[in-house]
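Order of writing sets the labels: A, B, C and D. Residues in every chain begin at 1.
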């Protein structure tokens, strides 16, 4: 760029900065005014103005706004302390009410009032998404984020959500969003989507009345005669749909995707799966099995890094054997375990090499079972997030499937393995409780691997 | 009742008591379980069960349930104090998050989880209505009620409400509810309702997605050529509708009624009036005036009881004159002021008696203006609730109308007077601010009465 | 009226006549122009204009318009004859097409083109209603009416009709029309209607897409445990609704009413009953019996006037006995048979007088059965129109109910008797065929009366 | 295929033939029964059965069915003749009604009754499509087709049609049908479609209530600032949509496509264009111009074949000059006129060759104008069907556009030329009348080409 250009650029940037600064100033003014409002009478007008200013902020001004939120909208520590003492002394309802008033972060009051604006909810969800981006670099925003999560969880209460069945008769606009947000098994255009909406496939989404036309989360289901052991046939665009609805016995949840990054930490998936299961049960009384066909995104990383296997559940001898097996596999296959991902073929059984490969594959399955059986509740870094999600929902670890996902991603993440989690509606409650106490429910088939 | 009957009755009551006690025990069990739930996974099922048990409680068991809520679901004072100190010392986000966790009343968490049940919101709104009944007799429930109000205000955020226009094409089921809930000017059956839905009348209601088919609040509007000075012509069932829509200049809100006692204290009316005004403005660009024709329920009581008039606004001489006038009226008319409610007629002007009556009527209007001009913000017992509502919304005291409501209720409450409050969309914000500072906005016409 | 008034009136009438004449002239012009239109390109505009003019016609001008339709829009007899000969000679497709072109009354072409206007269909249905009024006095309009009926039957094809379930959630506007049009058992206001829309009552209506908001015909159904023998309990406003839906075994059609006089002769009721039966069958698989509880509007008149009973079905002795019975009743009760309408009570059995009364009531039932059993298909004047309608639909004469309708109308029309017609879906077809051949299907119970 | 295979094939075919024969026999039985039905009581059941049988017919049996329709369902010539004579003699309404009864082809009565079946209309439309296929080879079916067209025109009366705006929010199922049926400018997948549904494009379709989900015909419109002179910019997938709605002045209908081959001859396009124009006029009051950008499918063929130009409108000298020009072009360019289709570029003006090319292009436009100006109403083989359609609708020949459609099809059909027809709502009626009398309305610009 020549000099004139540079000067001009600098000028433009300066002007833009000035505009943003002005918008930020006005936003902060509006925020202050919202907080002094008694009775909320003008709140809608002020909130509308405030969010309009917010939408003009660039990245820097946004960060500054978040910093103000973190700094100036905390409860007053002295006040809180004073009322906490009063409450501890009197235990009276009035003292408690007063305590609530001063301990409730002013930030929450502010966000609640911003939410009065038309499209307030949508804007706040988007604001949270930007906040989460910043949060990675700036832990001082943690309390701000906690307030967001607290409020969004209340506003996105499952009782307020609408379950919508998505099919080929749904608006193209909505279907386009599904294509964009599918996170598990990418949808490759309209023909691909159409296969997933044939009569032996189902798709359901949650909507919130304040975000019309915006799906929050959706799940894709295959109606089958048997529990599926591989993903490819479910996605196969040329596969003939099974129209014999009276032969459906299994509903397999094969993909679940969030559409709103700003709602992270707001529990939606669990409720979605259960409401969909209820709905399908009513439509197809012969359905017996509700399960998933799930990826294991944490497996390959764990296999590569884990040092010492430990188990409070298996016998030491079994653990030791697995440890030895793991080291053997590492030595034998090095960094490229792709041979283990390929399906067994008939020829394998005839050669020594083939037999050994087959044994190694079974060893890999056992290691996978070990990995999943030791999924920990809570936000433990070591374990698999998909496993944690389903097990915490009350599902059971049902079956490990070899050579189940031969896509590049499937081989990289989990050496081609996938897993079925089973939602047995009668056992969900007790499974969930067991998992909360640290114990993973598993089928006999899985347990017999050891 | 004979002896056998008495025994049988006692037996039935005992059995009923036992059943209720059992339901209460189970409800309390469920509540405890809900609170220990990590991750909310089974919360829907437990909450559904809990509310089912709740619905079986009679008055006594309900009272006991509320007492448990008040006693066992307070935050732990020691914990709160400890974290308040920690927060005061460190001021760290983590300390604040922890403080929030322990200071947030467990009651709110419980109510939030009960709200997960299908129809949870409706049941909690009904529960609050029962709580409000109890609260009159049992002030120890105040903190419980504060938690309800806090949550309901969040859930019934105006951004989540749908504005629905009600007309003669609406479901009969909905119209029937309007007939039942109209609180200001009773609707006497379907023919009466129909008049209020003719083309020169409008009716709007707020709905919440979690309470389908249940109006929360509704407002009735008359579209007129001039600001109305009396209620009877607006309600007249035989009145010919004005179909010349291009001549509408005034939208008069003549009735606003809440349908959900459980939502007391949740601000809905203010938002409703403003959204309706916006909507009408778009439909009829020629509308110039948005006003009410409102009752003055507190006037007659005030006139009967007030001792000494005081004013920070009027000159002492004016106040003294009014004081004298009030005493004169009391002496002259004693307990029955109904003569003052009747409209002036031509004959009055001709007799001494008639002239004096007319003067007394004007005196009554001045006293009314004084009363309304001194409406205080906040929940002051002395002033008129309708005035407080509209003035706090930012309306202006526009005109006092004599002989405006000659129904028995109108004469009893306010000696037949009614008032127009004016919603001038450009002034709402500043009027509201003035009122928050204790100053009532009034038209020149009203001010010139002194 | 004084003289000036009379003059003014005469002037007004003259002006009105002139305006109508002008409208008629323009309507006739438009009609001519519509007929010359090739390709229909401007037809919508012209038809819209024409119907606008039509709506300004008073009774006289309307009659003139109908006369023009009758006179000027017949096919050309010479042309028809020429093409009929050509067709008879050649029997070629082209000759047939040409014949169709000239034999098709220009009137039908005109009506078809008028139907292009927005709201054309509604206006033509209303026009037909006026035509039917005129037709009573002016048989020369018969061919005009035949053309209307031909076209309306085609346009109101059952395949184009929407079956709509009406309930308490339906628009008040629609419910109001039901109240207005109920022809069989008058609906006395909203409370009365509401009883007919409780969960053990159903109401269904047909709509046509070109007449939005206008029901064409509706039927009211009671869901019961047994076939009903009297109308009062079905209409009783205070009757407690039966909410045990799993105990419904009988669907009784107790009222069917046309809303559009202009659609007389267009078969709607038959299709409505059958589609409703199908719909209910799906909703309540346990329903076993579909029947009516019907009035017998022709009975009393027939009993009063019939001279000689004749039957191709009963034995001469039975007929003779009935003839004697009829004469006996006439002699004994003269013009006032109301004693026979009252229900039997216990006391009757004890006195000679009471026993005789009971015998006479049974005689009346037998005469009623005779009357209905000899219902003739076709538009025979002697027989009962309700019987003809249901029997032609394929229903069976199931049961005669004494003291079933004690309203004034019921006693006057049929001495309190009502009848159940049974719609046995398996027999409808054969019953209808039998009836077309002149034989009424009847239950054993009815046949055993002789 | 081996011998066994052949035998098996023969067996299968024989079995299939037998099944079809049986279905045909049953269909013909049902048809006979439908005709004898009095009162239509069982007609729905029989019609449903009949159409079910019809759907099992293969091509041969279908042809036989059509032959039966042609042979056995004609009116009885002797009867028709007798009644025609009677009518000619008496001219009485009754004679006319009787004549109508016998002259109305039984075939129409049969089709009307078949239309009683659920989905009857859809099946009959499909039946007509098959009939039209057969008609090409078998002119004896002409009277059958005339009956179909007569009834379908009545059933698909524009007053019964719903105008639906199609946009990106419409069901994918519907959009897919648009992609399939677009006949003028092929839609190449979803991205292509999406461009045609951006805010500066509109798409409207007609639906009939008896064919839910099935568009009958649709039109695509571009909202522009100027009348378009070429098709490519309108279809350009990468073109930025014009979102300045207040600058739209022109609505250009650039594609109109039928979706139902069975409705050939039923006038839908004319009504569609006019209703869309009305709708757009209301939405965008600033729209001034409603025009098309249309292909000229008949041009190239006419230029290749026409012998002697004749005109009742132009002066003989002008005609002679054009005749000479035509012969010159034929000689100079032979069979490949593609040079004339390419747009002029700047270089052309500088060379002698280029100037000559430009002159030749203008000659081509004049010939095109001549061709279109002499479009004849009626089903004349010589003229352009698109021109006939729009001119008959009352549009005006507005502008000839060179190098307007450079697709292979555009060059082949019309040497790249396209034409704008103008729908001036004030002139439509008179233009249509002129065209009915054989005179094409044209703009001054077009007329000045000669």
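We adopt the following convention: a contact is a pair of C-beta atoms (placed from the backbone, for glycine too) under 8 Å apart; a residue touches a chain by one contact, two chains touch by 3 or more.
Quick caveat, the model's predicted, so the values are computed rather than measured.
Peer 1: Please tell me the distance, in whole Å, between the geometric centres of chain B and chain C computed from their C-alpha atoms.
Peer 2: Roughly 52 Å separates the two chain centres.
Peer 1: Which whole number of Å gives the spacing of the CA centres of chain B and chain D?
Peer 2: 63
Peer 1: Please work out the Cα centroid separation of chain C and chain D, and write it as a whole number of Å.
Peer 2: Taking the average C-alpha coordinate of chain C and of chain D, the gap between them is 42 Å.
Peer 1: Chain D: which residues touch two or more other chains?
Peer 2: none
Peer 1: In graph terms, nodes being chains and edges touches, is this line, ring, star, complete or other?
Peer 2: Shape of the chain contacts: a ring, since each chain touches exactly two and the loop closes.
Peer 1: Would you mind giving me the full set of chain pairs in touch?
Peer 2: A-B, A-D, B-C, C-D
Peer 1: Taking the touch rule as given, give the residues of chain C at its contact with chain D in the complex, in rising order.
Peer 2: It is residues 38-42, 44-45, 70, 74-75, 77-78, 80-81, 84-85, 87-88, 91, 93-94, 96-97, 99-100, 103, 105, 112, 115-121, 139-144, 146, 150-151, 153-155, 157-160, 162, 209-210, 267, 270-271, 274, 377, 392-394, 428-429, 432, 436 of chain C that touch chain D.
Peer 1: So in the complex, the part of chain C that touches chain B is made up of which residues?
Peer 2: For chain C paired with chain B, touching residues are 168-173, 175-176, 189-190, 194.
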